[in-house]
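In what follows, chain A forms one complex with chain B and a second complex with chain C.
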Partner chain A sequence: MNVLVCIKRVPAPGARINLTDDEQHIDTRHLGFTMSPHDECAVEEAVRMVTEHGGSSTVLSLGPPEADEQVRQAISMGVDHGVLLEIDDIDWEPQATASAITEAITTLTSEGTTFDLVLFGNESPDAGNYQVGIRVAYALGLPIVSGIKGIEFVDGGGVRVRRQVDDGFELYELTLPAAVAVKEGLNLPRYPAIKGRMRAKKASVRTFTPDAGPGGLRKLRLRQPREQKTETTVLGHGPEAATAVADLLEELGVM
Partner chain B sequence: MGEGERQRAGGRGSMLLCCVVEHDRGSVGEVGLELLSTGHRVASELGVTHEAIVIGPGAGDAVERFGAYGVDRAHIVEHAQLDSYAPDAYADSVAQLIAAHGPVAVLASGTEKGNEVLAHVAARTGLPMAANCTEVTPGDAGGDDAWTLTRMRWGGSLLEDARLEASTKLLTLAPHAFEPAQAAEAGDVEVAAFEPQLDEATSYTRVVAHEPSGGGVSLASAPVVVSGGRGVGSADGFDMLEQLAGLLGGAVGCSRVATNNGWRSHSDQVGQTGTKIAPQLYIACGISGATQHWVGCKDAKNILAINTDPEAPLVTRGNYAVVGNLHEILPAIVDEVRRRKTTA
Partner chain C sequence: MSTTPDHADVVVIGAGIVGNCLVGHLAELGWRNIVQIDKGPLPDPGGSTGHASNFIFPVDHGKELAMLTLDSQRQYEQMGVQTTCGGIEVARTPERVHELHRRMSSAKAWGVESSLLTPDEVKRLVPFINHAIVLAGFYTPSVSVVDSLRAGTIMRERASELGALTTLASTEVLNIETSEGRVTGVRTDRGDITVSTVVVACGVWSPRIAAMAGATIPLTPAVHQMIDVGPIPELLETRAEIAYPIVRDMDTFMYERQNGGDMEVGSYAHRAILHRPDDIPSIEEAQLSPTQLPFTADDFDPQMEDALELFPDILTVEGAGVRHGINGLLSLTPDGNPVLGETVEVKGLWSAAAVWIKEGPGVGRAVAQWMTHGEPEIDLHGADVARFYPHQRTVAHIEARTSEAFNKTYGIIHPREQWASSRPARVSPFYARQRALGAVFHEAVGWERPQWYESNAPLLDEFEVETREHEWDARWWSPIINAEHLAMRDRVAMIDLTAFALFDVVGPGALDYMQRMTVAQMNRPPGRIMYTPVLTAGGGFRSDLTVVRLGDDHFRIITGGSDGPRDHKWFTDHLPEDGSAQLVDVTSAYCTLGVWGPRARDLLSGLTEDDVSNEGMPFGTAKQITLGPIPLLAVRISYVGELGWELHAPMDRGLALWDMVHEAGQSLGIVPAGIGVYGTTGRLEKGYRLMGAELESEYNPVEAGLALPKVKSADFIGREAYLKARDEEPAAVMCTLTVDDHGSSEGISRYMSGGEPIVTTDGERIVDAKGRPSYVTSAGSGPSVGRYLLLGYLPPEHAQEGTQLAVEYMNERYPVTVAVAGRTPLFDPDDERMKA
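== the complex of A and B ==
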């Protein structure tokens, strides 16, 4: 069982997302970075699958040289191999991203590593394009379902996947090789142990430098959404505020 | 569809705009009506016809109300392969309609399935796609002019102004970003059956079974949500939140810190990568209010924050606040609510 996981490096902003003066990027000077939460669950799932069924796991990220940090974060969680598609930007538009990832997977495959399962996050938190995984899967001829919060192997070499909908869960079956776009909630990702972090430090990450292909979606600028200012009514301090809270609950008709 | 086919389709005159309308056995929700309203507005601005694409069982029933939303023609797409939701078979159908009619744009709802189907269409046609638009300003009907649009990033915490350049524009509309306004005059809808060419049953990934949920008050629909974050401190700490939610007929929610610590299951998580909610009242206990949490709860009619820090973003952005230690405040609220309920 060989599993490939595609992850994206994203900043972790707090209470407000500040922008650079040219309005092209998030001001990340005071921010840490992480991989997308959906992608992190994909990594955890890949590690568990390989532990249980054997084979190997590979993580792949397209991003600036610093995305090496997220590739190693995945290795520290137990992924075997790392691949970085190094670009001289924060990210690319979705078509160009998908083409570069497709090409890299094709190269890895031609060298003899075939992937039974390719995992993506459902959407990237920063760009939210909702399409990179689907484009890559289609280009590789793999079936894919999005929004998945459960994957189990079934007899005969396929997977049964679960998707949460308004009134329950929908189940789909895919024959391998296949791709799946997952959501946070699939599992609870592990916190890397010291041993994993040591291994990640020493691991060699394979680097490609892809050429940007064409794409039709061009960012002009980023901006803040308009927000209504609300006056905050402080009902009180400490337990004495309980009466005022109960009054409010009655007033709102929720008691 | 290859590049050549696409150009031919785009070059056909592109005198129509299509909306792929989601429905549940013929019933179309609010988000579908928002889509049709925007489709009508944009089609009118461009001077092209407004056409709907409706897929799967019940499609015929769905179009009954479409006249009020300015739909000129509805393509009813039915096929044995489309009897249960199958993203690739749905997308093949839409891609075939694009090849046949060369619409200037195809719009869908920015719901989970709307985004999924349109991304499959984008993959098949090689066309670009913009997800979760909040504003759409079309160019000329010529086909190759770029459109300007605004789309959501970070679940709506940030907006992106963008240009979309394609022979057929593919875009999805963020739910509740557009008004579901009816057209000034209700017209007749021409109904056209479209039979897609679809492969054998085995080649499509489809829903093979459905498991109903367990019941109880769901996070997404609860009138009151009592939610806890890092400040709650432990899984046991949520007992008090459970009690308050129980008394108010509400549900318990949480922040990602509570989920990551294993205090609550992810199905309780409110936020960008959790559930987006819009209850009558959201009570946030020991939650700071990071943007990724805020986008999940900002649509609540009222927000009451309980926090030791009077400067916490959820306190300053909420309608009501109680400043102090939640471990002292929540028991007092539970006692008071219980007292009033028994004396009432």
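== the complex of A and C ==
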């Protein structure tokens, strides 16, 4: 069982998201970077699958050289191999991104690494285009289901995946190889162990430098949504506050 | 939410541990109409207090911080927010084992119970440690963890209950308004407050807030990294926040402490990561809080191996991961000490910053006392924000020094350790000549001062001097110092004293002003030199210095370079409001060359036509003379107990003066001598006290043996307390002690360097009636008396000449004898040489 996980380096936002002066990007001066919670669940799932069924896991990211940090973050969580598609921008639009990932997967396959399952986070938290996974799967001729919060292997070699909907859930069965776009809630991702971090530090990450292919999506500018004002009401001090708290909880219907 | 009052008696900006403790103490000392402002919400407004690890190791080599920490622990205990868990500093190297022995002595000096542990004993207290790599442990049972946020709330509540406090949370200070150098008000986004006293207790933001008023608070925000690893079943089982002693892995500059089910691993081993106060994100922009910046894993990763080596099992337990990691901001200053007290630039604007959790309540109390009574109970000269010269307040200097110091946070710092960065800063006109003579420079408040001259190495054949067998004792030291000393006593020496701070006081009110500032009689004829204590209102030492009366309305204050900025502030603060006396800092206008030794008069008389005979210029006088083409002020005084002069020449004539003296001195066997002689060997043989060592505000002139025979009729600051002290038996007496046997258990001679506890021959601590411990205030060779000399205060029952006591150095006891109780010099007790 070989699993590929595709992740994206994204800013970990503060309470307020600032934009750069040209309104093209999020101002990341004070921000750290991470992978999205969806991506983290994909990584966790890949690690669990390989632990359970054998094989190997690979993490792939397209991003600036600094995205090496997120690739190694995945390795520190237990992924075996890392691939970085290094670009000289923060990201590319989805079509070009998907082409580059497709090409990299094709290259890896031609070298003898075939992937039974390709996992994606459902969407990136910054761009939110919801389409890279679908484009890659389509280009590779793989079946894909998105919005997945449960994956299990079925006898005969396929996977059964679960998507949550308003009134319950939908079940899909896919034959392998396949692609799945997963959502936060799929599992509880582990924290990287210290040994994992040390292993990640020493791991060699394979780097490709793809050329940007054509893409139809162009960013004009970002806009700051209106800030939502929150109001704080002090319900009381000390034990005297208990009644007011109870009343409020009742009013909210949680008690 | 409170409304903003129009007026306040004091505004405290900041609601971290310092601001909170300060408002509590101010209220208890009677302050009312206190307004406390913080930009963030309560109880955790987002400063360094909110992410502090909150543990306290009370042992510090320095007395000032040790005393603040011990007071803080007492206060935390009283507030019920302290958990005593014990702590162990472990050594992986022999050098660190030696350092732990030194810490044992410091623990004894300041009264903290501690013990040295074998690796097996360490293992018994911390079962999950890899004791195979531990050589020794330094165990302090009173190490504790506190809830600093809860403590802050308690302190605010105390002030509120007294009806003294209005707290304005989520309120931004927009400006601190001043007029004629004084604070007049605070502008906030929720209204303006008229106020004449403002305290900046803003931690890492303090420089930015002080700058609103035009003042400097020299600190920089710096990153300290920490991670949480868990869950760890063995720790979870304790069902406690902390059940095991905290371990400081000193040699890797890291600590590990239980934090509930996690292990917190903190590091001071990574590169220095400095920030600028203006670049700290706002509360809204910050991911976690403004002072918890995104964790930069690359900086921390190398330390993980060290942590794993010490705690291989629990840190790798199945399921345990790095759950949390931050780059926590804390405040660093150029010398590592807090910055407390009124700023030098703006009256009424106070600083209470660069304070760790371990000192917070102690600092709150001390600053509140300072603001109320004009001085704190604990002498805070080492933490006074006024201690810095202008160049030390520059960002360049602050960043250079803090970068250098960061990795020494857990380092082994030698008492004579020298800085490498930001040098040379200030040089005398003699600098080039000194370099050519192989001077080994030590830095004093920016000045490069020769400690000794390698060119004097041949003197080692001429004079028999001690050598030091242990590398530690010999570090930043040379036997050449002692040889220079003997050459001075034998012939004549020239010593660069340009680091003196010089202030001229002029004007029709100069005499009255000087009388008010000093203990000694200043109404002496022009040309007289007056040595005088300068006292606080409480009668303790604020300074000790020399004053030369240059004219009816003209005095020159000559004070130590280290005390220059604090003295400048003290004297400036007390200038008469009518402008009848003015103070001018002339430090950079004059260089000073000291010439001392039995042949000093031969030297000088060969260079001048002025009368420098004993009759023409007796001891204790000063006059303008001419050396060749150089007019200068000759001051007949000595800190080394020899005939001689300080020659104060215009800075631009300094090089010519040096060359002239050096050349003329050749036939007399002149040697250039360093500060090793001036500040230590020569001084100690004469029993001269040093401000900041023997002299501090906790001791009065009677105790120091510096009370003058007569009390002048003029009023002066501290007079009442001084008179009272003269009528009482002193609780302690400054003594000179000699070391009777230097032999250590290893069979080599050891030489203490100051700060060690003076104990009874049974090893009992000695504490005077005022609760002050006896310790070595200064230590050094006395080459002419053939003994190693120590100064220290002793209670009267021990301050008897001939009394046998002991000094604990590196955790071993060395027998000492009280040689002198009081001020009589051991060398030349009648001062015949000086007065020759």
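Operating definition for what follows: the second predicted complex is superposed on the first by the 225 of 255 C-alpha atoms of A that agree within 3 Å, B and C clash if a C-alpha of one lies under 4 Å from a C-alpha of the other, contacts with A are read in each partner's own complex, and residues count from 1 in each chain.
Definition applied: contacts are C-beta pairs under 8 Å (C-beta built on N, C-alpha and C of every residue); 3 or more make two chains touch, one makes a residue touch a chain.
Everything quoted here is computed from the prediction, not taken from an experiment.
S.K.: Quick one: is A:138 in contact with chain B, with chain C, with both, or with neither? Answer first, second, both or neither.
M.R.: first
S.K.: So, does A:15 touch the first partner chain B, the second partner chain C, both, or neither?
M.R.: Both partners, chain B and chain C.
S.K.: Which partner does A:195 reach: the first (chain B), the second (chain C), both, or neither?
M.R.: In the superposition, A:195 contacts chain C only.
S.K.: Going by the touch definition up top, name the partner, chain B or chain C, that contacts more of chain A.
M.R.: With both complexes superposed on chain A, more residues of chain A are touched by B.
S.K.: So, A:30: does it touch chain B (first), chain C (second), both, or neither?
M.R.: second
S.K.: For A:236, is the partner it touches chain B (first), chain C (second), both, or none of the two (neither)?
M.R.: first
S.K.: What is the contact status of A:173 with respect to chain B (first) and chain C (second): first, second, both, or neither?
M.R.: Touch status of A:173: first partner only.
S.K.: For chain A, which residues belong to both interfaces, chain B and chain C?
M.R.: Residues 13-16, which sit in both footprints.
S.K.: Quick check on the complex: what are the chain C residues that touch chain A?
M.R.: Result: residues 229, 279, 281, 283-287, 293-295, 297-298, 301, 304-305, 307-308, 315-316, 319-323 of chain C touch chain A.
S.K.: For chain B, which residues are in contact with chain A within the complex?
M.R.: 85, 87-88, 112, 115-116, 119-120, 122-124, 127-132, 148, 151-166, 172, 205-213, 220, 223-224, 247-250, 256, 259-260, 262, 265-267, 269, 272-274, 280-281, 288-292, 294, 302, 304, 310, 313, 315-325, 328-329, 331-333, 335-337, 340-341
S.K.: Quick check on the complex: what are the chain A residues that touch chain B?
M.R.: Counting only chain A, the residues touching chain B are 13-17, 26, 37-38, 93-95, 123, 125-131, 134-135, 137-139, 143-147, 160, 162, 164, 166-174, 183-185, 188, 215-225, 230-246, 248-250, 252-255.
S.K.: In the complex, go through chain A and note every residue touching chain C.
M.R.: Within the complex, chain A touches chain C at residues 12-16, 18, 29-33, 69, 190-198, 201.
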